[in-house]
Structure formats: structure tokens, C-alpha cells
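Once you've had a glance at the structure underneath, I'll fire off some questions.
Think of it as A, B, C, D, E and F in the order they're written, each chain with its own count starting at 1.
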Amino acid sequence: MNEKLKKFREYREKMNKRMIDTDNKVIKRIINLDTNTYMKGALSSKEKEMLGLVSSMVLRCDDCISYHLEQCHKLDVTNEEMYEIFSIANLVGGTIVIPHTRRALEYWDMLNQEQGENK
Amino acid sequence: MNEKLKKFREYREKMNKRMIDTDNKVIKRIINLDTNTYMKGALSSKEKEMLGLVSSMVLRCDDCISYHLEQCHKLDVTNEEMYEIFSIANLVGGTIVIPHTRRALEYWDMLNQEQGENK
Amino acid sequence: MNEKLKKFREYREKMNKRMIDTDNKVIKRIINLDTNTYMKGALSSKEKEMLGLVSSMVLRCDDCISYHLEQCHKLDVTNEEMYEIFSIANLVGGTIVIPHTRRALEYWDMLNQEQGENK
Amino acid sequence: MNEKLKKFREYREKMNKRMIDTDNKVIKRIINLDTNTYMKGALSSKEKEMLGLVSSMVLRCDDCISYHLEQCHKLDVTNEEMYEIFSIANLVGGTIVIPHTRRALEYWDMLNQEQGENK
Amino acid sequence: MNEKLKKFREYREKMNKRMIDTDNKVIKRIINLDTNTYMKGALSSKEKEMLGLVSSMVLRCDDCISYHLEQCHKLDVTNEEMYEIFSIANLVGGTIVIPHTRRALEYWDMLNQEQGENK
Amino acid sequence: MNEKLKKFREYREKMNKRMIDTDNKVIKRIINLDTNTYMKGALSSKEKEMLGLVSSMVLRCDDCISYHLEQCHKLDVTNEEMYEIFSIANLVGGTIVIPHTRRALEYWDMLNQEQGENK
């Protein structure tokens, strides 16, 4: 597995557990809500994850972007679709989003490569 | 026509014309790009407008929200779908988005009402 | 009652009801969480409302600021304490927070005046 | 005098006085610093006000924008220069800045008109 | 001493000195104000540092968060209090704050561990 | 060449190429616009790059800051001028900008050092 992907996933998992271990009710509910919100409803999970991704991009949070890229990848967002999400994020959020798009694109390419290796 | 809807649309149109009248190349290209980006591509216009809306919500720009609400309404986003977009914006962006959601919901209701009157 | 205070409270109450009427689970839970989070825990409600206020100030959301000012006022935050919260918001958030501080101060003065009238 | 210009200036002056009346040292020093920072140094006041304006635009604070527009106008920033500042703000900050640019342009036009009337 | 804590403190100290060495009056006054603002007034230093921390969290600046965590730790903020600050930051600021909370929690744990070692 | 400068430039160049390789029209136009906007017009390139820099600072994007620092350096912005840009960014954007100013100052010093070595 790609070292960057591995590191991101492991740290995220470890610290999410640590957050739950705080036993703070509000924190636990927010983490719970964070999972439920993206489940299929009137909108599909794919559409919701795309919404989560573009929100993370205009708010410029690399870790949030990486997470939603993973979800979008699992839900079969195509390259062309992904590039269009990037384009909207850069249009609405401005060139300040470009450095995050560089990293997002690198992460997306790693996810594609990982998938190729697992075939 | 609802007075609020009318006022928003007229001011927007008048000042967009004024922006183009500056004859500044960059401003004109950005306005032009703003139209092209939401045209059908790998993603549908409806999907793109939903992405534009959620971005505007987490960045908390009421006028941008109103505009994308208009576009979503024209493209037949349903109430249930709209509420799910609101839910993602409030989850990702936090309770700081609630006041903008109040106004967005009011605007959305006015668009629905206007449509009912035009049937 | 002061007209500005009245208008803010009525609109907030009306649209919060409308938000709950969407019957969207995530929206309802966030609104619910928004109440619970500020209840007494290891920190007092007063301390929590001060934290909510300063967060709203640096994120520059006037309606959120007004709401937390109301809560702080009920919980007997003094003028001197309030001005120190303002000072931290303006230091951390910069002069971009000044226009919001002007409006916050005006709102705070109205709350003090209203209290005086009700004595 | 244009009613909008008058209202903005009067409210700003009144509430800045009120802020100073809090007698909070930090608030007073920030307001003081806010004046000193834009004084001529290695950069001219005009250059500094342009920097203050573009910062206010990408941070999307209408009142801060109005204030720096007034200062830029006094310091003889030309229309073409102003439109280029707008273009950079919209490029870097994205289309989310457009509604603020509409209002900025309207304010700028009012300043030009006021000057014409005073000749 | 924990390597991460050491690295953060040394870089911060070195570059703050460098900032002062610019001999720019405004920069020096802001750094000076940054110290004075958190001194005991109507609010205690502990309360002020908690306000500084939650502001840094919703504005999502990791280095600012680390600094205020250090100050809160010195001023005997308890774990339960800290988790409630985190909960308010995540509620108001949204899930976009979660990655910063992960790193804040890791840093907080390191501060607790360091203290244990020094007993 | 300084390792940090080299790494930043190489990654930026590699990923900008990758962004263009997406062949997404909007992305390509934004990148194109990003170059054109800073060309000499009513304002000089130096003035425009200073505007781009201060915008990047208040929006707190380290990579955008590094890029505009490079451009400002090429266009002979002096140390005193640079420190005044920093001072405006920290005043308008608040102390939340300080950590970015530390890194900006370090980067600026590296650019000065590199220039000295190339004389």
C-alpha cells in the first residue's frame, strides 16, 4: 500500500478512536452524525460525498479532502467527474484553492494507482 | 412577484452589467467562467448547481446561496434533496451556517410559492 | 421592547421552527445538539456561552453573535467581561472583526437598556 | 450627500467612539494601530490602502471594503486601478467575492458621483 | 522532552525573535498586544486562554491551537474542561474542525505525558 | 539551492502540469487567468504581486504565500516594504496570521540568502 495513504488512514483511525475515548457526549454525537449524514436518502451517497468533498475544498481542509476523495473513489466517481468537482471548488473558492487541488489530485492519482494494483 | 425575489434579481442583473462595463478583462472572464462551469459535462447541471450551493453555504455568502437556490429550483431539485444539501452544509460548516440556512429556507419557500402562483 | 431585539428574536424563532418542520433528521439533531452543548458540564453555561460568542465573532456571523450576546446577558456576564471577550476576538480575528464588534456593542447596549426598563 | 454614504459614515463614527468609550485597553490600542498602520512608510499610504482593500475583499467584509474604498478614493486611486484590485480579489478569493464586488462597485460609483457634485 | 513539543517551541521562539528583529513597529506592537491581552482582567487568564483556544480552533490554525493548549495546560484546565472546549469548537465550526481536533488532542496528550514525566 | 525552496518549486511545477493534464477547460482557464491577472496594467506587476501576497496571507495559505513571495522578490520588493505588507496582513487578519508570518519570514530570508549566493 502507498505509504501516504497508509499513514493518513492509520492516523485518522487512531485519533478518531481517541476522540471517542474522551467520552464527551457532544464529540461522540458529532462523529456519529458525520457518518449518518452521508448515507443514502433523497440524494445518493455518491452525490452526498461529492457535496462533502467540494465543501472541504472551498474550506481548504486537506485531511477532510483526502477523506472525501476516498469515499468518492469507493463510490465510483470517475476522473472526469472528479475534475469537474475540482473546477467548481476552484471557481467558487478562487486560486487560493489551487494548492489544495494539487494535493487532492496527487491523492486521487494514488487512489487510482492503488486500485490498479489490487485488480 | 415576491418583492424580495424581485429586488435580489434586479440588483444582481444591474450590477453584473456594471461589472462587465468596467471592461476589465479578468473580471469579464471570471463572470464568463461562472456561467460555463455549471453547464452539463460529466456531471449534470443539477449536480453542479448543488455543488455550487453547498460551497456557497459553507462559505456563508447569502447572495451566492440565493442565486444557486434559484438555479437548483429551475433544475427541479426536490424539497427533500434540498434539505439534505442544507444538512451537509450545516454538518461540515457547523452551527455558524444556521442563520444562513434560515434565510436559505425562507428563500426556497418563496421560490416554491412563486412557482405555485405561476401554475 | 426594542424593535431590533424583537425582530431578531421573532425571525429566529419562526425560522428555527421552519427548520425543524423540514423533518430532516440531521438538521433536527444539529439544532438539538446546539442547545445541549451549552448546558452546564465541567464548564459553566456562562463559560460555554462566552466560548460560543468569541467563536461567532472571529467567524464573523452577526446573527450568531446576537444570539450568544443574549445568552451571555442572561447569565450575567458583566460589561467589563464582555469588553474583554471583544478584545480577544479583535486581537485573534483582526480588524476585520471591528464592524461586527460595532454591531455587537450596539446590541449589547440594547440588552442592557431593555433590562433597565424591565426593572 | 448620498444617503448611503452618509449613513455608513455616521454609524461608523458613532460606534467607533462607543468602542473607545469601553475604555478597554486592547480595543483602544487596536483602533489606534488601525490608523497608524496605513501611514506612509516604505510603502505609500495609497499602496497600503490598496492592500487593506484587497484584504477586506477576500475576507468579504462589506463595511471594511467601504472604508478602504473611501480611503483609496481620497488618495486618488483611479477607476482602472480600482478595477484591477477588484480583479485580483475575485481571482484569489473566487466567485464568492462577486456579490461583495457588486456592492463595492456601487459604493465606488457613489464616491465618484459625490466628488463630481462637490467640484 | 517530547520531540514534537520541543520542535514546536523552538521554532516558535526563534521566529518570534526574527519577527521582532524586523523592527517594524506594527508587528512589534501586535506581538506585544498578543501577550498583554491574555493577562488577568475582569476575566481570569484561564478563561481568556480558553477563549483564545476556541477561536484558534474554529479558525483552524494548528500552531495557534498548540500555543493556547500549552497556556491552558499551564493554567490547569482539566481534561473534561478541554473536551468541552473541543466540543464547542466542533459544534460551531463544524466537522471541518475534526482534523484539527485530532491533532489538538494528540498535542494535549503529549502535554499531559510530559507533565507526568516531570513529576 | 536551498532544499526547501527547491522542493516547493519542483512540486508546484509538477502538479501544475498535472492539473493542466486533466484537460478540464475550467481548470486550465483558471490557471491561465492566474498568470494574466498579475501582468502590468494600470497597476504595476510589483503592486499586483503585493496585493496577491497580502490576500494569501489573510486567507492563510502557505503555498500561495510562498509563491507570491517569490514573485515579489523577483520584482525587487525591499525588506522594509515586505515587513509593511506583513504588518497589514497581521493587523487586518489578526494574530491568527502570525504562524503564517513566521513561515513567510523564513521563506523570505531564504530567498534573500539564495540571491546573495548567486551574486
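Everything that follows uses one rule, which is that contacts are C-beta pairs under 8 Å (C-beta built on N, C-alpha and C of every residue); 3 or more make two chains touch, one makes a residue touch a chain.
In this text the structure is predicted, and so the values were computed from the model without any measurement.
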If chain centres are mean C-alpha positions, then the most distant from chain F is chain C
Most distant chain from chain E by Cα centroid: B
Hey, how far is the Cα centre of chain A from the one of chain E, in Å? 27
Per the C-alpha centroid definition, the whole-Å distance linking chain C and chain F comes out as 38
Multi-chain contacts in chain C, i.e. residues touching at least two other chains, fall at 25-26, 30, 33-34, 37, 55-56, 58-59, 64, 80, 83-84, 87-88, 90-93, 95-96
What topology does the chain touch graph have (line, ring, star, complete, other)? complete
Within their complex, state which residues of chain C touch chain E. 33-34, 37-38, 41-43, 47-48, 50-52, 54-59, 64, 78, 80-81, 83-85, 87-89, 91-93
Complex interface listing, chain B residues touching chain E: 58, 90-97
In the complex, go through chain A and note every residue touching chain C. 25-26, 29-30, 33, 36-37
Could you please specify the touching residues of chain D with respect to chain B in the complex? 60, 79-80, 83-84, 86-88, 90-91, 95-96, 98-99, 101-103, 105-106, 109
Chain F partner, complex, touching residues on chain E are 11-12, 15-16, 18-19, 22-27, 30-31, 34, 55-56, 59, 61-64
